[in-house]
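In the two assemblies presented below, chain A is common to both, partnered first by chain B and then by chain C.
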Partner chain A sequence: MKRFLKLLRKDLEASRLPVFFLAGITLILMAVLRWRIAQGAWHPQVSVLGVAVPLTFFPLWLIWRSFQTLRAEWREDTVYTLLVLPVPGWQVLLAKLAGLLVEYSVLFAATVGGTFLFFGGLMDELWEVIPGPWWLAWNALWVYVTGAFVLATLAIHVQLAFVVSKMVGRLQGLVALWVLFLSTWLTDRAALLLEPLFRWLPTIRLHEFLQLTRFDEGIILEWQPAGQIGAAFATVGLLFLTGLLFERFLEING
Partner chain B sequence: MNAAEPVLVVHNLRKKYPKVEALKGISLSLPQGEIWGLLGPNGSGKSTLLKCVAGLVRPDGGEIAILGTPPSRASKAQIAFVPEVESLYRWMTVRQVLEFTSAFYDDWQKDSEEELLEFMRLDPRAKVSTLSKGMRARLRLVLALARRAPLILLDEPFSGIDPSSRDRIVEGIVRQFKGEEQTIIISTHAVGDTEQLFDAVVFLHEGSIILQGSAEELRASRGKSINDLFKEVFA
Partner chain C sequence: MKIRRYTLAVLVLLTLLFLVDVRYVQPHLVRSGEPSVRFHVRPLIRTGFTAEKSQVFTRPRGQLTSLMLQGSFGTVEVVSSSGEDLVIRTTIAAEKESDLEGFEVRESISDSELSYELAYSGPEPAPAASLSYQVEVPAGMEVSVVYSYGQVEVKEFVGFLQLLTSFSRVYVQELQGSLSVNNAYGSVELKGIAGPLRLDNVFATSLVDLAPVDGGYYFQVEVTNGRLQGQAPLEREVRQNSITAQGRYGEGVHPVVINSSFGTVTLNLEP
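After this line comes the complex of A and B, so read on.
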C-alpha cells in the first residue's frame, strides 16, 4: 500500500499545476461572465457558456490526460525508473487512474462550485422547479459518480491501447487506434457473456433512487445493471491485462 | 545468499532487433564481491545486455539467472540499475527523488544515503531540473549505492560528464562498494581513469564476447593496461 501511495503521490504532484491552472481559469471565466452580466453588458443567458465550456472541454482534457500521463513517462525516459521498480504493473497503472480521478474530482468541484457561486443568483426559475438543495446535491453526486465510472472505463482502454502500441516498433498510432476499437468491442462481447450471471440483480427504479418523482410524478426511469456490471468486470480484467503487459512484455530500446 | 553462488549467470543470451543482432550468444558467470567492467564501443551490445538482466528487454533466446532465478519482479528488488539515459523526474527535488525511490526497496540504507549526498555534494532541496548533467549522474549513482543490492548495474555512468564529476563517481563507487555482498557491473567505452575499479573485464564487440578475464591477469599476460588493451582490440 505504501508503494502504491508513493506512485499515486508522484502522479498527483506531476498533475497538480495543470489541474489547478484549469480550475482557476474556469473560475475566472465564470467570474468575468458574472461581472459582465451584472454590468448589463451581456444577457444572463450567456452564463450558460460558463458551464458549457468546462463541461465540453474537461472530458476531452481528461481522456487526453489518460494517454498523456503514460506518454510523458516515455518522452522523459522516466519509464526506466518505473519499469525497474519491484511492483506489479497494475499498481503503476491504477495509480495513474486514481490520479486521473482526483483530477476529475477537482475539475468537477470547480465547475459545480463555480456555477453555484457565480450563477446561483441568476437561476431563480430553476430554484422554483427544483424540490430543494438536497435534491440537487444528491443528483449531482450521482452525476459525479457516473462520470467517474465512464472516465475510468475510457482511461483503462486508452492505457491498454498505449501500452500495446509501445510493444511494436512501427505504426504505433495506428496500432493504438486498432487496439482501442478492439478492446471496446471485446468488452462489449464480454459484457454480453457475463450479463446472465448478474441478472439476479434487481432492476433499479432510478426515478425513485434519484427522487425524480419529486420533480415530476410522470417520470419513470428504470435500470437493469446486469450488462453494465458485466462490462465493469471485463474492464477491470483489461486493467490487469495491461498491467501484465506493462510489467512483463514491454521493452525499452531507446 | 550463498557465498559460492554466482550473482549473475548468463547463458547463450541472444537478442535481435529489426536491423541488428545485438547479442549473439553471450555467456557469463559473475561471482559476488567483484566489480566488472563491460567494455566495448557504442553498439557493441553492452546496454542491451544490462537491460536484459534488469528486465527491461526480453531476450530472444538463452537464459539469465540472478541469484539463481530468472528476471522477475522479485529479481528487480535484488538489482540496482542505473540507465545511461536521464531517468529522473525533473520536477522532483533531490530529497523527493530519494524518498520516492527508497519507498520501493527494503535494502535502502538511510545512513548511506546521507553520507553519499554529502560526498556527492548534492543539495537535497535542489530541483533535479536545476542540476547539471554531472550532478544528475551523481544523484543516479546515489540511488544505486544507497542500497545493499546484491547486483548493481551501471550503464555508461561516466558518459558525457565533466572530469570532476567522473572522479567523484569513481571515488563514490570505491567508498560505498560493499565488497562481500555486492557485485557491480559498469559498462563503459571510456576505460581511461576507471580501469583501477575493475576486478575483471569483458570485452564486447558486435554482440559477442571477444575477451574476458581478471583485470590483473590480463595486464600481466598482455603486458599492458586495460585501457591500452581496449585501444588495441577496438582500434
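After this line comes the complex of A and C, so read on.
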C-alpha cells in the first residue's frame, strides 16, 4: 500500500501545477464574467459561458491527461525506474488512474463551486424550481460519481491503447487509435455476454433514489444495471490485462 | 522482436474477429431491445380543482357524421348508444369559483362535423382549468378526441374512433369499427378491438387485445428501443434496438399497424 501511495503522490505532484492552473483560470474567468455582468456591460446570460467553457474543455483535457501520464514516463526516461520497482503493473496504472480522479475532483469542485459562488445570485428562477439545497447537493454528488466512473472507464481504455502501441515498432499513434476502437468493441461484446449473469439484479428506481419526485411527481427514471455491470467487469479485466502487458511484455525502446 | 510480432498477430486476429462480428454476427444478434435506462414523465391529473360548472349539449344526429372533442387535465368518457341523439355532458373545473367565470365550452359545427373545446374570454393570464366530457354518440359515427394530461376511456363503441393524446392514460374496451391512436407518454390499453387498427405510441406502454373478426388481421409492427411481447402470430426480426414483426391471422384483411418507440408493446389475440 505504501508503494502504491508513493506512486500516487508522484503522479499528483506532476499534475499539481497544470490542475491548479486550470482551476484558477476557470475561477478567474467566472470572476471576470460576474464583474462585467455586475457592471451592466454584459447580459446576465453570458454567465452560461463561465460554466460551458470548463464543461467542454475539462473532459477533453482529462482524456488527454490519461494518455499523457503514461507518455511522460517515456519522455522523461522514468519508465525504466518504474518497471524495476517491486510493484505490480496494475498498481502503477491504478495509481495513474487515481491521480486522474483527483484531478477530476479538483476541476469538478472548481467548476461547481465557482458557479455557485459567482453566479448563484443570478439564478433566482433556478432556485424557485429546485426543491432545496440538500436535493441539489445530493444530485450533484451523483453527477460527480457518474462522471468519475465514465472517466475511469475511458482512462483504462486509453492506457491499454498506449501500452499496446508501445509493443509495436512503427505507426504507434495509429495502432493506439485502433486498439482504442477494438477495446471498446471487446468491452461491448463482453458486456453482452455477461449481461444474463446480472439480470437478477433489481431495476433501480433512480427517480426515488435521486428524489426526482420532489422536483416533479410524474418523473420516472429507472435503470436496469445488468449491461453496465457486465461492461464494468470487462473494463476491470482490461485494467489487469494492461498491467500484465506493462509489467512483462513492454519494449522500453519502442 | 518476438513481442512485436505477437502483438501484431493478436491485433490482426482481433481485427478479423471484429470484421466477422460486424458482417455475420451482429445482424443476427438478439439483444433484449429494452434500453437499460428508462425515463418518462407520468401523466398527472390535476387534483387541485375543486370548483366546477357543467353544461349538457343534446344534438340530433341529422346530417352530422363526426364529432371532435378537445381538452386537457380531465377525463373523457365515450360510449355508443342505440339512439339518434348526441349527448355531450361537459364539466369545466378550476381551483376557485372565480376562476371559472371566463371559461365556457365552445360548440361549433362545420359541414358535418360537430366540435367542442374550452374557450377563455377573461383577463389574462388565464387560470388553470380542465375540461371533462361524458359523451353518448349514435353507433356508426366518427369520433375524434384530442386530449392531453388526462384519461380517455371509450367503451362499447361502434364506429370510427381517432385518438390524439399525450401524457394520458388511454383505455378502449369493446370497439367495433376502425381505431387510430397517436399517443405520446402515458399508457395505451386497447381491449376487445374488432377491426383495423393503427397505433403510434412513444414513451408509453401499449397493450392490445384484438377480438376475432371476419377476414382476420394482417400485422405490421415496429418497436424501437422497446420490447414486443404477446401471443399474436408474428415473425420477428431483431436489429440492434429495433424489432420489426409481421404476421397474418385468418385471411389477413384488416390491417393492424403498430409503431412504438421507447415502450413495451403487448399484442394478443382473444380466443
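Just so it is clear, the second predicted complex is superposed on the first by the 253 of 254 C-alpha atoms of A that agree within 3 Å, B and C clash if a C-alpha of one lies under 4 Å from a C-alpha of the other, contacts with A are read in each partner's own complex, and residues count from 1 in each chain.
To be clear about the criterion, contacts are C-beta pairs under 8 Å (C-beta built on N, C-alpha and C of every residue); 3 or more make two chains touch, one makes a residue touch a chain.
As the structure is a computational prediction, the values presented were derived from the model and not from experiment.
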| item | value |
| --- | --- |
| Partner chain in contact with A:F249 - chain B first, chain C second, else both or neither | both |
| Which of chain B and chain C A:K6 touches, first, second, both or neither | first |
| A:G173 touches, of chain B and chain C: first, second, both or neither? | neither |
| Which of chain B and chain C A:P88 touches, first, second, both or neither | first |
| Partner chain(s) touched by A:P225 [first = chain B, second = chain C, both, neither] | second |
| First (chain B), second (chain C), both or neither touched by A:T78 | first |
| Partner chain(s) touched by A:G40 [first = chain B, second = chain C, both, neither] | neither |
| Interface residues of chain A shared between complexes with chain B and chain C | 169, 249, 251 |
| Residue ranges of chain A touching chain B (in the complex, touch as defined) | 2-3, 6, 10, 13-14, 76-81, 83-88, 169, 247, 249, 251-254 |
| Chain A to chain C touching residues, read off their complex | 164, 167-169, 175, 178-179, 182, 185-186, 189, 192, 195, 216-228, 249, 251 |
| Complex interface listing, chain B residues touching chain A | 17-18, 51, 54-58, 73-74, 76-77, 79, 81, 83, 85-92, 96, 99-101, 103-105 |
| Chain A-facing residues of chain C, complex | 3-4, 7-8, 11, 14-15, 18, 21, 29, 31-32, 34, 36-44, 167 |
